[in-house]
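Next, two complexes with subunit A in common: one pairs it with subunit B, the other with subunit C.
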Partner chain A sequence: MARTVTRLTRFNMTSLALGLAFLYLPIVILVIYSFNASRLVTVWGGWSLRWYHEFFNDRAMLEAAWMSLSVAAVSATLATLLGTLAAVGLARGERFRGRALFSGMLYSPLVMPEVISGLSLLLLFVALNAERGFWTVTIAHTTLTMCFVTVVVQSRLSALDRSLEEAAMDLGCDPVRAFLMVTLPLIVPAIVAGWMLAFTLSLDDVVIASFTTGPGSATLPIRIYSEVRLGVKPEINAICTLVIALIAVIIVVASFASKLSSSQGESAAPL
Partner chain B sequence: MPEPAVSDIPLLRIEGVAKSFGNFRAVDKLSLDIRAGEFFALLGPSGCGKTTLLRMLAGFETPDEGRILLGGNDIAQVLPHARPVNMMFQNYALFPHLSVRDNIAFGLKRAGMARKDIATRVAEMVALVKLEGLEKRKPDQLSGGQRQRVALARSLARRPQVLLLDEPLAALDKKLRESTQGELMELQRRLGMTFIIVTHDQEEAMTMAGRIGVMDAGRLVQVATPRNLYEAPASRWIAEFVGDINLFNGQVAARENGRLTVSTSEAGTLAVSELWPPVTKQVVSVAIRPEKVKLSRRAPASDAGAPQAINRLEGVVIDANYLGGVTSYRVKLETGAVVRASMANTARLDVDAYLAGQRVVAWFTADDCLVLEQ
Partner chain C sequence: MSARRIFARPARLAAIAPYLWMVLFFLVPFGFVLKISLSQTAIAQPPYMPVFDVTEGRAALAAAFAQLSFDNFRLLLQDNLYILSYLRSLVVAVTSTLILLLIGYPIAYGMARLPQRWQGVAMMLVIVPFWTSFLIRIYAWINILQHDGLLNQILLALHLVSAPVVWLSTDSAMYLGIVYSYLPFMILPLYATLSKQDGSLLEAAGDLGASPLRAFWLVTFPLSLPGVGAGALLCFIPIVGEFVIPDLLAGSNSLMIGQTLWLEFFTNKDWPVASAAAVALLLLLVPPLVLYDRLQRRQLGTNG
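So, the complex of A and B:
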């Protein structure tokens, strides 16, 4: 398993530095300026936690943040439940009629422009005369993120040796028990990773949320977006830094979870 | 060693079982009786349907037709978890999230056994397969041979009426495989359990099984003891599949006193003892196993007074492969046909060896030959 180590030449170093700078410099600047004491976004006025303090006293912002977090948590949970069931159906179910169609339709949100998804959901909610707010955004985010969960869980399931379930059945489990006692524990890391993916996707969505939310129930990204249109307040930098921190933590945990998952119970066939 | 007690009543009766996958007929109207306490091997090339048959016995496939009777009850439609049969999987299928102990206890817990009894049974199984001290390890902390033992212990723990083994030794290296073969036989004898093993390795089948069923294209072509399978194969295909064999095509020229004279284009006229049942066709093959062909520098003494006819074929050694226990020779006859002979190296010094290019006589008795219809 020895991996060949490429020596870092001067050229490689430079291009790596430029590439990383292009990707992360804006974020680093944002994080630094979130600790800026000055009222002006572009002028450095020394280190301060003033804007964090401001944010935690900004009721409207806090409400939007709470709304975003609860939409993300509920929609991620619903999406994980449905997405896992779809993945199990696709990876383990008998070949049913319309399987290809089902699988194609399941993955369509991956490629569908968000504006179209958002607009069509808006039309649906209007037609149903549903009051727009928390639940409409949550449902919209569930439909958006479910396919991501399915992708993650399905790939895990297809890597899992099928004879494990057969062995469980051979040892006295009916098919449902075999799934619960053997398959489920082995795909839990993938399910966790899928949940976290859905959570972050929901947390940073603006387009679909702006179509499906109603007055008085703005999510954090919508709130930030509308504030920025009136000029960037340093407080926004502080909020963004907090969101970045939260998402970074989630991504690290999710990648640990999927690493844990891929080290267990892979089929014996050499890959 | 005493033979295990094999009863005459079949424990498992397979009656006209057939299974197709789409247009492919994996198992074709197969019938077979397996007796209690037997070590039975299903042998065949890959794709012959042996694994499908085993999976139908375990319950992972449902036969399209036919019955599978276990102790008189038809289990063909019974789900795997409700069958008193366990299987050891080719890749072991150990549960990676459970320890050795929990893997072995898995089936016992499902059977609703009391905690104390489970602990006793697991300890017994661990001792049986000599895994003491490894109970707390996870499967990925075990070697291939240890995993194989855990899989065996897990499938034996429920004391199934029949244990199915799907290529159980395929993943082990040669030395370990040989010692494990011995252990499996010893275990089967001790437990008096019925073992059905699927293998493509004829040596493995011959070493372990009391009876071997040879499968080809979804059918059982011969069921016999290892010796009968080797010495009296039912067809040319089986003769070639099991072990090495020289074949000469020819026609029956004469038949008298239980002896056939077959004239072949490749090896001249050969004398062959008639087998039971006698061949009915005129066009036949004479078959002789390489180890029954002897080589000598001169033709052996005339068979005057000797009860059996001897076939002599003159030729030149084209190559000699020294394999340790035996040396295998290829001898080219004047007709261009090649005869394979293998001779045991009974002496340490090479006094009996023949060299490439040397003229020799390859000879064998009429009794050592087989006549097979083509």
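So, the complex of A and C:
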């Protein structure tokens, strides 16, 4: 990659600074307001942890939070397993029957409007007579997030030097052993990043969960969403701040993982 | 047989489980959407008439086919509500994509011109909001835009307005929310193509007498078109079916198709019409989806 133009014109700097400010300011403001002592969201009444107390005494919210965290953990794990297998099939399977359909099925959910995915899965669950709740939401989230895992892991696999696997096989490894001993350790960072991405996506989803969950088992985003429709509440600011903190931790871990990944080769994760 | 060929077989076997999963939970459900979109509404649980049951054999199937009804689609075509919400979805998606392009391009361009070591940091800064909850970021804007929110307080303090401006429940708030949420999706593909461009091309254009602006327009921009296409599709397709942002930020007098579908499903409990709306939305999205699929595969450099 030849790069001679790295001049920083004033225009470039301004657009970059404004763009980043636009992306971050609302979140910063939300976090600050979550420590506001005043019940009126917009009047500053001094620093306080009042709304965090409120949240930790709100049984319904806590139950929803627990439901969301368990759905996210289970579905991210399933999605990572299935997504990695799919990535291996696409990156190493050469040509096979139904390959175009397979990759089409894996890429379209990335952009498919959530109302469609949610509605179609619900109709399936109703037809199967499945009881709606934890497992139906988990299956729905697994289906959506495994596609993201596939993209992340597949791009890592495609960037990998294949002669390493071939050398292992020349030295007498069978393909499965070559994969487990050579390929897998090299793609672990991408797999970790994929899990984290799947976890945060599941924690974030409100539309698909609304369709696929049953009565009495609302996820945290569903609860937040129904509260937000009624207006801004300081407790929601506190909950959102906690979610942001959790995601920040995940991002730090994931970025370490991808740093590991990029130090071993070109990181090509598109997301 | 080469090592590569030997490796391919177990790799294909690995794909069986995810393949079956996607067929069962992605492909088959569309069959149900199609089926129910052709059935009659009923006051029952679930609220539609059964169309056909494969277990009942061929005769029953044939009888059921005779009963298929296109009433729901006819309703979609006849009722202004649906046509208007389709049109609105298209208008909103096209407008938002254009705004995103106008805002995203300079940012991606600025990123690509940063010194190498800062580019990674800038990219990280653009990706992080994508990880942060989408619902929370919309909620953050409600905090700012509400009647006595920060924006009105600032405007009043600066004496730019004499009374609080209504920001929430307007189209401007909705566009703001959409642009805010989808900006990373626009920036990243643009940055990917812009950062790969060879700087010597611009120097050559300069040596040949082109002004920087002309060089940009004649060299940089045409070369970045694949990124423009990818970014535009990545934003356009989901925005057409967007539900949460218009529901929380726009007014309720004109709905997007995602909202109409939601309303039919959750409020009116009319599953067949909701399914028909989903089928129609899907038909609208097939061409951009195919295009996107092609771009994506080219980008990943796979040979399928």
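In this text, the second predicted complex is superposed on the first by the 246 of 271 C-alpha atoms of A that agree within 3 Å, B and C clash if a C-alpha of one lies under 4 Å from a C-alpha of the other, contacts with A are read in each partner's own complex, and residues count from 1 in each chain.
One rule holds in what follows: contacts are C-beta pairs under 8 Å (C-beta built on N, C-alpha and C of every residue); 3 or more make two chains touch, one makes a residue touch a chain.
This is a predicted model, so every value here is computed, not measured.
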Go through the superposed model and pick first if A:L171 touches only subunit B, second if only subunit C, both, or neither.
first
Of subunit B and subunit C, which one contacts the greater number of residues in subunit A?
C
Which of subunit B and subunit C A:D161 touches, first, second, both or neither:
first
Looking at A:P185, would you say it contacts subunit B, subunit C, both, or neither? Reply first, second, both or neither.
first
Quick check on the output: what are the common subunit A residues between the subunit B footprint and the subunit C footprint?
166, 169-170, 175, 178
Please give the residue numbers of subunit A that touch subunit C in the complex, ascending.
1-9, 11-13, 15-16, 19-20, 22-24, 26-27, 29-30, 33, 40-42, 82-83, 85-86, 88-96, 98-100, 102-109, 111-117, 119-121, 123-124, 126-127, 139-140, 142-143, 146, 150-151, 154-155, 158, 162, 165-166, 169-170, 175-176, 178-179, 197, 200, 203-204, 206-207, 210-211, 221, 224-225, 228-229, 231-232, 236-237, 240, 243-244, 247, 250-251, 254-255, 270-271
Please name which positions on subunit B make contact with subunit A in the complex.
58-60, 79-81, 85-87, 89-97, 106-107, 110-111, 140, 154-155, 158, 171
Taking the touch rule as given, give the residues of subunit C at its contact with subunit A in the complex, in rising order.
2-12, 14-15, 17-19, 21-23, 25-30, 32-33, 36, 46, 103, 106-107, 109-111, 113-116, 122, 124-144, 146, 148-150, 153, 180, 183-184, 187-189, 192, 195-196, 198-200, 202-203, 233-234, 237-238, 240-244, 247-248, 258, 261-262, 265-266, 271, 274-275, 278, 281-282, 285, 289, 292-293, 296-297, 299-304
For subunit A, which residues count as touching subunit B in their complex?
161, 163-164, 166-175, 177-178, 182, 185-186, 263-265, 267-269
